[in-house]
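Same chain, two partners: chain A is paired with chain B first, then with chain C.
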Partner chain A sequence: MVLAAGLVGPSIPWVELIPILSLLGGACFLLLVGSLVPNWPRRGYAWVTGVSAVVAIVANAIKWNNLYYNKGALFLADAISIDRFSVLASIAICLALVMSALLVSAYLLRMNADGPELYALLLTAGIGALVMVSANDLIVLFLGLETLSLSLYLLAASNRDREESQESGLKYFILGGFSSAFFLYGVALIFGSTGSTKISGISEALSGNISVLRTDALLLVGIGMLLVGLGFKVSAAPFHIWTPDVYEGAPTPVTAFMASVGKVAAFAALMRVLMVGLEQRADDWRPVVWALALLTVFVGSILAVVQTNVKRMLAYSSISHAGFILVGVEAAGHMSGDGIASSMNYLAIYTVLVMGSFAIVLAMSGNSDGETNLSDFKGLAKRRPALALAFTVLLFAQAGVPLTAGFVAKFAVIKSAVEVDSYVLAVAAMVAAVIGAYLYLRIAVSMWLEEPVSENEISVDPAVVVVIALAVVATLVVGLFPELLLQATRLARFAPR
Partner chain B sequence: MHASFPILTALILLPVLGAVLITVISNKHLELVKLIAMLFSVGVGGMSIWLLASFHSHEDRFQFVSQHDWVSSWGISWHLGVDGISLFLVVLTGILFPLVILGIDPHHDHKRYLAWLLLLEAGVMGSFLSLDLFLFFIFFEIVLVPMYFLIGGWGYDKRVYAATKFFLYTMLGSAFMLVGIIATAVLARRDIGYLTFDLVTLAEHASFATNTGRWLFVSFAIAFAVKVPIFPLHTWLPDAHTQAPTGGSVILAGVLLKMGTYGFLRFGLYLFPAAAVWAKPVLLTLAVIGIIYGAIAATMQTDLKRLVAYSSVAHLGFIVLGIFAITSQSLTGSVMQMVNHGVSTGALFLLVGMIYERRHTRQIAELRGIQSVAPIFAATFMIVMLSSIGVPGLNGFAGEFLVLIGSFQSARWWTIVAATGVILAALYLLWAYQRVFHGEPDEANSTFAELTLREGVLMLAFIGLIGFTGLYPKPMLERIEPSVDKLVEHVVAHSDYKVPTTPNVVVEPHGEKEGE
Partner chain C sequence: MSVMVSVIQPTESWYLILSAVLFGIGTVGVMVRRNPLIMFMCIELMLNAVNLSFVALASEVADIDGQVAVFFVLVVAAAEVVVGLGIIVSIMRRRTTLTVDDMSGLKG
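Entry: the complex of A and B
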């Protein structure tokens, strides 16, 4: 009692928290009302999910506008930072959330298993992701990370009829637990050497404004541990081993969600920790990121070549995309140029591409959600030409063919690397992209140049059509007129200390 | 005089519009699809000829320029223009596509075939017209997609392998170029003060440190060398050519390969003159190796189409020789030869395609005595072949002669070796002709059909081009020369290179007056 009396809680900036509160409200509503009222209208759960995410997007858009004159600020006793970086990442996450909700609705209707649980988990995962992108405290970041991850473990294992789904959830859980432990240990070590868990506090300590115990070994090991923990989440090689199995086993809409939201959140957190907290030690972590980026682009694109399952292929391609984003992070580590902007740009575009691609896989995957072998895509152009065309656009975009958003993304990252003289990385990433292109060509060959094997009727749910159409249109529009997105990502800055 | 109508933009966008229209029309209206493809390609061809007619000869600047901001945060603009170097490549593109669309039947999936072909035309036009590095890269790279589908969808047995090889090989080359393009713009920012990808601004105002310039040149050169292709990066070409459908081969040989040689001129010599002079000996050597190797390899082929493909390697070697000899005559010859090779080799591929249609084989050993069954066909083949060999009076001679005479001044020993390639060309082509057309036809060949009317008209168009350029190259030369002279002056001004002034040869392309 005595303790509690002396404890003064920080003031809560309710307005700033609207996006998180909106998702939280949606999740609670789904679980409460969902369990009380058994029969909801068709896609009712999806609507609730979508509306809460859209509210979050609108709130973020308003915040984006309000941030025009100030550069953002820290709230909740400096635990979260609301700045254009976090707002942009939040918008990307919430957009992906809306698209995932659409995909989940199509998936559940096909499985005849409509219910609120998956949607509620999507929303809680979204909360975790939003917390991660704006966390200014490593402990808060960890809370967000765990909220996201725990929801994802459940989502991945949610298909009880498929053994692979169970396996995927369990695998992700065990390995994810390890990585969280690494992360937490890293937090502890960094706290030990800088005396703070606040990201801005760490930065102040390192720049010498606050005198603390400065033990280099502790700090360096701590940075390493953090990189391992976050590297696992962004599936950077050599911490990528879980990705193909989990992506393949998880229900397709969940894979889409994991690949987009999970990656945006983890990369945003990684960038904030490195660029704000560890800015002073950039020379220490930059070579590590350099090596991770180099390894990741090649592992992703080379291993993709031998796969025969489209979901696995896309998993490896998402690894190589992570490598490209790391190229941008490495460029940002030179503290000049536009590494942050280009990474954000890549993340935003990648989110759309990966959503659209998995939406098409979902459309093809059949009632068991398991027909995702390359042979299932044979002759798709003869069966469903529009679907094949859409997939081709998205695949070529992922390969970085000009006039698609994917090219803009790659161009921006390579440009930021060249600007800081990271020529080796730039050339290596481009060469890896060519190796990776073989994968996309293989899928294109199956669709366009081979005869169909299966004559099953492909029924595409309208919700899936919406997602695919959105993704394809966005891919082409950004590919032709990238200016707007480039300007937005260039404004994505961290709040000043 | 600037036409207010943005004709260059229209040359690029019109085929795209045609392709979109074709895509949205239902498969049932096949005749309508064909009509649209025809109208759009003939329209573009007509416009390119109008461009040729209203182009001011004796002027070295870029004409019909159109410039609009595109991605302003990166300093990228939609900047198009045409000069003597690109003019005839644009016209060749404009003429070749309608001929291919009208003259060659793909046999299946007409709709998609025609849509890809029109998109390809837009990409090729764009590459020849772009005056912005970014824009050029976009078109240079986007061309791969339609070509990939054309080879993969309408080619022969090993088409998927060939198409994939073509795509990845070329993409690997351009990967280096992309980094080079970005580095060029980023490094030039110091001199220019702002980020721009504009070719003219970069070439006129940026100066690179010696080694930097060399690295940048190499990154561009790899992409172009793959595209040309220069020995030893040529291995994709025979596969792609052999497996591509006839229309694809004609376009590939006719204009796609020229994107590489054109790139050397426009983005190699113009942008990095000092580095290009530094790289001269290597590229000259590779060009000469290509000439001899291509000729020898062509002699060894048993497949007629592969033979023509290898002859392309040799011919392109001459063009590269002319480019890196860097004299006014050799460059003019190279530009001419780019067009000539497009016409002659395009026509050869067409004829080989016709032989395959009739006999379902391209093996030289299985063909015999066609001359006695189909004399007009044989005569056509003979004329086209002689033009490819470079017999005086036909187009191949004018270009090849200029290349040799120009190169002799600045790269004597290379030229001497290269000149033997002319003899080798005569050897492999005449030998092939002899085996295929002479002798007594056996049973399979005795029913070889004569040229149909459609084929005849198509070939007549090609022969017309061959004859006209061969007999009267003056209009072409006066449009090419000013731009080429300007380029040579630019190279001289920006490097320690000096154009050899010894024997001042006045070239009359008929060959009657040589020397003073």
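Entry: the complex of A and C
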């Protein structure tokens, strides 16, 4: 009692937490009212999800505006950092959440299985992602990571009628848990060598300390373990093995969600840990990121060439995108130039591209959600020209064709690598982009030049049309006016410690 | 006249080595075993090995944060059990035996 009387909890900045609280409120509402009231209006669940995500976006946009004059601050006993970096990543995550809710509604209505569970899981995954991008404490980061991952395991396994979905859920679960353990061991060792789990505290400890052999060994092993754990989550080679299986097996809207939100959250966390916490040790981690980036761009592009399933092709293409973002992270490791801005720019553009691409795959995948072979896309231009055209735009954007957003993204990371004299990586990224183009062209060729094999009617849900239209318009607008997004990402800074 | 017996006092390093060994056993277990339940137990072993390091390191750097972290990890591990067993049970309903080698529908 005497001890407890002296304990003062941290003050809770409710206003700063509105985005997280909004998603939490939406999830609780769906689960509670969803189980009490059986018959909801059509797309009612999707509306609740969408509205709570839009509230989060608006709150973040206001925060972005208010942060104009200061660079952000730490809240909740330094556990949460609200700065423009976290706000920008949060906006990208909530946008992806709105689009995923639309796709999930189309998917569930097609299967006649609309219910609140998937939407609630999307929202809890979103909470985890928001916590990850703004965490300033490695334990809080771990909690966010697990909130995100546990929801994603369930989402991946959510189609009980499709064996592939169950299999992907199990694979994701085992490998995800495995990588979380590595991440956590890294946190423990870094805590042991610096005496803090706070990212800003680690940075302070490292900037003032004298190198001691044992402490250094703990720290370096810790950094390595942390990179293994986060490398799994961003699917960087050689930790990418789970990605194609899980992306192929999971329900298509879930794949879209985990490809976009999972990657944004994990990369934002990775960048904050490396750039803020381990800034003093950049010379130690940069070579590792360099090697990961080099391997990832090539593994993603080359293995994509031999695939025959479009979802699997897009999975490998997302691995190669992760490699490009790592090129930006490596450039940021030189502590000069535009590395952080170009990586954030790539992440935001990638989110939209991957959403749009998987929306088209969802439209094509049929009632079983399994018709995603390349042969199912043959002659799409003769069956649904508009769909084929939209997919072509998105694929060309992923390949990095000029006048699309994908070109801006790739150009920015390669430029930031060149600016810090990281020429090998820049050239490797360009070569990998050329190899990767084969994959996107292959899909485009089979859509436009081959005869259709199937004559089934393709019915496209209006919600899917909205997502595809948003993605295509965003791709072209950012491609034509790249400075819009680049200026915003240049302002994405970390809070001063 | 008493005889001085030198008693070996365990230091933090002992616990760190033990936890590294446990973590290694868990890692190898996940990689070589074929039963998802056993693999899952090995992951739990890895998490608990980390807990041991957290406690040992917290006592070494004299900071309570490391001990607090253990509670969070325990909660996460419990949540992971719920989700993991849920997925495994839902697969087991479709088949009588389960090893990860049976789960080979997805490849390429």
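We take it that the second predicted complex is superposed on the first by the 487 of 497 C-alpha atoms of A that agree within 3 Å, B and C clash if a C-alpha of one lies under 4 Å from a C-alpha of the other, contacts with A are read in each partner's own complex, and residues count from 1 in each chain.
Methods note: a contact is a pair of C-beta atoms (placed from the backbone, for glycine too) under 8 Å apart; a residue touches a chain by one contact, two chains touch by 3 or more.
All values derive from a computational prediction rather than experimental measurement.
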Have a look at where A:414 lands relative to chain B and chain C in the superposition and call it first, second, both or neither.
-> first
In the superposed arrangement, does A:427 touch chain B (first), chain C (second), both or neither?
-> first
First (chain B), second (chain C), both or neither touched by A:170 = second
Identify which of chain B and chain C touches the larger number of residues of chain A.
-> C
Using the touch definition from the top, say if A:475 reaches chain B (first), chain C (second), both or neither.
-> neither
Which of chain B and chain C A:317 touches, first, second, both or neither = neither
In the superposed view, which residues of chain A touch chain B and also chain C?
-> none
For chain C, which residues count as touching chain A in their complex?
-> 16, 23, 26-27, 30, 36, 39-40, 43, 46-47, 49-50, 53-54, 56-58, 60-61, 63, 65-66, 68-69, 72-73, 76, 79-80, 83-84, 86-88, 90-91, 94, 100, 103, 105-108
Please give the residue numbers of chain A that touch chain C in the complex, ascending.
-> 139, 142-143, 146, 150, 153-154, 157, 160, 163-164, 166-171, 173-174, 177-178, 180-181, 184-185, 187-189, 191-192, 195-197, 244-245, 248-249, 306-309, 312
Considering the complex alone, what residue numbers of chain A touch chain B?
-> 396, 401-403, 407, 411, 414-415, 418-419, 423, 426-427, 430-431, 433-434, 437-438, 441, 445, 448-449, 481-483, 486-487, 490
Contacting residues of chain B [partner chain A, same complex] | 70-74, 137-139, 141-142, 144-145, 148-149, 152-153, 159-160, 164, 167-168, 171-172, 175-176, 178-179, 182-183, 186
